[in-house]
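Listed after this line are the structures, all set down as structure tokens.
Both of the next two complexes hold subunit A, though its partner changes from subunit B to subunit C.
Right, the complex of A and B next:
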């Protein structure tokens, strides 16, 4: 009874803190959105006030000045290709690691975990040298090959844990029914580990889409190759940056991230429920 | 912060790769009439529009120019591309910081090799060529866009605070700052945490140094050992502690400086001619351009300003040398007096190219700067061509902390000298 009383009294505080946290998250977004419609003077002198006009000229300017349409296409192409390649490599690798109990498999798993120990900056110079020697420097192809290499350790480790959670009885039953390894992977493991796959897909999408340093160095500034993250900073000028245009450009580049997140989040929730029922 | 760390990462990578000299790859486009130009000018800016017009004209002559906008990371991108032997044939970028080392690193071909044969020596102002010379006397690139960098005074705000005359001495400036603060108006605003604050610091620091002495100290260090440099730094701390700089100036950028001055929150700022165009039209009649007040007994008898021709210029790369005929057509096109005139009239720039002589800037502030500034100020040594490339970036962090009260002259000079070791 006393515990319930404490809980009741703490509820408004918890609600208040939750709303405060939500506000903290929304605040930067609000700032970006209102600033995208203002000029520099208004942004610096009254940063939180709503804009006096809702003209979309800054969005048009941002889109045209740094060819954001082309950059969005490059980002989409590179991100989707790298995502597919990552999943195509991580899913079978995880399945193999989850179901193997030998010493070699254990070593392989540790080998993947070693990937976490390599800081990305440390890999930068050797990666550039590799790209140069492969004649793939400043090409989209190299980014598509390289990005999965960085994402595989986390993807494989996480998926392996998801796959280990699947009862081995299911696999044994399928084997008795005559199913091969590939069929077991596609028909049993893939559907049941969909929440994990979707989670990894979201994480990788965010990581690939927002990649800046490697995309700048390995991809370069040519509009034929550059991604949105490389194109966007071109709206920054050392002497006269138009922050309204810059933030409008930033909003444009954020839209695909939100769309993908919303889309995959629903899939993840439904897959989670589906998995719960099956198990 | 993340972008800053990433920027440093990009710079380090570029530096490692350039130092390693890992050549290889196939190089640029092998067509001798097709060149690639990496430019700091944006297509939407007047400079970018003129560039595109020149490119179109060259196209009709059979020379194809592909323009890539390099943005603020141009120097890093150029360095990395150089390591892969894929650098653009021409770069259009300023002479400062990293680009100061390009000739020394063999990344570009000195312009000295072509100035006479291309007939450009007489088409470029001699003072501009002098600025672009390195320690070995080689002209590093073809200078093009210059600037003047005065101190801006809002006469309406000064009058409101009871300041009737533009300050000419540092004592006048301190007195004016006190009156402005009493009236609730910000005094001298500057981007304390970026290059604009660095330049103002170095402008004050050379108050007691001759140009030659400042050149030596800025190039090699030795601030603590130079009595004249120390007097200049002590003057800086005196101005800072007297409240001459606007509040929290150490955290401001050049863009925030402009916004503060343009909004009438601060009465004085130190900004270059690139800020003439964005100045609000209603404010322009109240703006008086002048110099930075000087101390009694200092090197300069009049307030000081900067001017220079290091704003941007043309750099011919190792790949560009292989297509030198097309590069020549491209570079020389900009020194045609008609194109120089367009830069003065449309882009409101001071150009290193010799104009036809009958063109005037449309911008009122630029007109004033061109016609009146020389009589009001002495020009201090512009540090960009003197401070070594590897020192320039970290120096901005050191000068930023100089704006924080409590850092005395000894601490500041030591932090500067450390950068050169």
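Right, the complex of A and C next:
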């Protein structure tokens, strides 16, 4: 009896705590949006109230002060290129790991799994040396070839699991028909593992677009190279900490991520459902 | 933090897919070796890429730690273990070590159990849980620099937090949160917790939803409340996963705090919020002591290994 009482009394507490935390998460987002239209005085005096005007001057300011337009292009270029390179490396490798039965394959898989435990930050300094050595330091090219390396462990392991789920009789019959490995990969595996490919593409997009420290050090401060994540914090000194402009800039950098997430999440869910129905 | 969405996702998918589906061995006769050669060829670029850009640089840390090296573009000389002696006599290192210890000592014990409980709460599918899930996921979408800009505005002397305290007539509590020696590190930790709990909770709920309802039902009939079902049933059944997430979070906090410290406080005031991770960054890129920086990296590596072993033995590990 007493236990039932505890449960009932604990319920409002649980609801309360969960939603209190949700409120803490939503507050900064709300705060960004309303503050992007306010000046410093209004942000301090009434942090919660909606803005009195909807002037876009802060957004224009943010764009001009740190050349956000160029930075957005750099981020897009780097993210898309690195994404394509990651898929080009991960798809054949996953297929190979899923279908070979040798000891080398098992060893390779463990080698990639080890990557989960390696925080990429640990190797930042030697990576800079590598970039200097290749004469690619502070270029977009180096970021494009470097970022996939960090994304490979997850991409390969995840995709290998998707590829394994495909029955091998499908492949055996294609082999009987005289199809080569590459054709089998492109014609059978690629379409069937699309849900997996979309999943890793989304995860990689998030991590490439949002990368900060490596983009800062390997890309550097040159406006011709720097990404939005590197350009954004420059607003602090450029505007003499005008928070409205700062937050307008932050909002601009977040829009692409939210757009892609909203657009692709639906596709990912339906794709995953299809995959589940088929198997 | 945004718990490396990467690593964490991989672990989520593992329980379902990782263990049972080894490919059925269907020997294809004589063609097998030739076919396997092509397979090796297909895997080679990815393995090479990973070896050259991840494993190679990681190994180089151990060599650079033995060099006296003033700046990335200047020549270096081999000095053996000198960097380590220097580090261990440097008070700044010990301040950073203390700060890292505090950061880990607060973040892990607070975040992991809260995230576990929140994950359990989500699996009960209370009213509004769909919306709650979406909200909990948001910090994972926001980049480190955007997050830092927001919290700069929240913690600033005339920022949102002080503004709120003002409105509540708690003026005595207002302070420059990031520039105050006593609150700089706690502010960094608060940002870690803010962004980490929600995402980790979603990971837990994905794992907890694999426990069948009958198990809970049986416990309910025996008179166990949610608290006991959570810690006596759900926890032991997912203890290995609890350990995995604690471990990933530990590694993340230990190694990757440099970015958020750099953006929020720059390690200051003084060295009040300098963590070991930030020290590695700062020594290499602003103080031009590359050898010192990488020797700290080596020490951090050993701390990481010892910490992981500790967490492993705390939660029985099955993989």
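Here is the rule we go by: the second predicted complex is superposed on the first by the 242 of 279 C-alpha atoms of A that agree within 3 Å, B and C clash if a C-alpha of one lies under 4 Å from a C-alpha of the other, contacts with A are read in each partner's own complex, and residues count from 1 in each chain.
By our rule, a contact is a pair of C-beta atoms (placed from the backbone, for glycine too) under 8 Å apart; a residue touches a chain by one contact, two chains touch by 3 or more.
Please read all numbers here as calculations on a predicted model, not as lab measurements.
Superimposing the complexes on subunit A yields a three-chain arrangement in which subunit B and subunit C clash. Of the two partner chains, subunit B is the only one that A:138 touches; subunit C does not reach it. Legend: residue contacts after superposition of the two complexes on their common chain; A:129 is shown touching both subunit B and subunit C.
By the touch criterion stated above, A:213 is placed in contact with subunit B and with subunit C alike. Applying the stated contact rule after C-alpha superposition, one finds that A:223 touches subunit B and leaves subunit C untouched. Once the two complexes are laid over each other on the shared chain, residue contacts for A:115 go to subunit C alone; subunit B is not touched.
When both complexes are overlaid on chain A, the residue A:240 reaches subunit B alone and has no touch with subunit C. Once the two complexes are overlaid on the shared chain, A:45 sits against subunit B and subunit C alike. Of the two partners subunit B and subunit C, it is C that touches the larger number of subunit A residues. In the superposition on chain A, the residues of subunit A contacted by subunit B and by subunit C overlap at 40, 43-45, 121, 124-125, 128-129, 132, 212-213, 217, 233, 236, 241, 243.
By the touch criterion given at the top, residues 2, 4-7, 9-11, 13-14, 17-18, 21-26, 28, 35-36, 38-43, 45-47, 49-50, 52-54, 56-58, 60-61, 64, 72-73, 118, 121, 126, 128, 132, 135-136, 138-146, 148-154, 156, 158-160, 162-164, 166-167, 194, 197-198, 223-228, 248, 251-252, 254-256, 258-259, 262-263, 277, 280-281, 284-285, 290, 293-294, 297, 300-301, 308 of subunit C touch subunit A in their complex.
Remark: subunit A residues 40-41, 43-45, 61, 64-66, 121, 124-125, 128-129, 131-133, 135, 137-138, 212-213, 216-217, 220-223, 233-234, 236-241, 243 touch subunit B in the complex.
Only residues 3-4, 6-7, 10-11, 14-15, 18-19, 21-22, 24-26, 28-29, 31-32, 35, 40, 43-48, 89-90, 92-93, 95-102, 104-105, 108, 111-112, 115-130, 132, 145-146, 148-154, 156-158, 161-162, 164-165, 168-169, 172, 175, 181, 185, 203, 206-207, 209-213, 217, 229-230, 232-233, 235-236, 241, 243, 246-247, 249-250, 253-254, 257-258, 261 of subunit A touch subunit C when the two sit together in their complex. If you check the complex, the residues on subunit B that touch subunit A are 3, 6, 9-10, 12-14, 16-17, 20, 22, 24-26, 38, 42-44, 68-74, 76-77, 80-81, 83-84, 86, 195, 254-256, 258-260, 262-263, 265, 272, 274-275, 277-278, 280.
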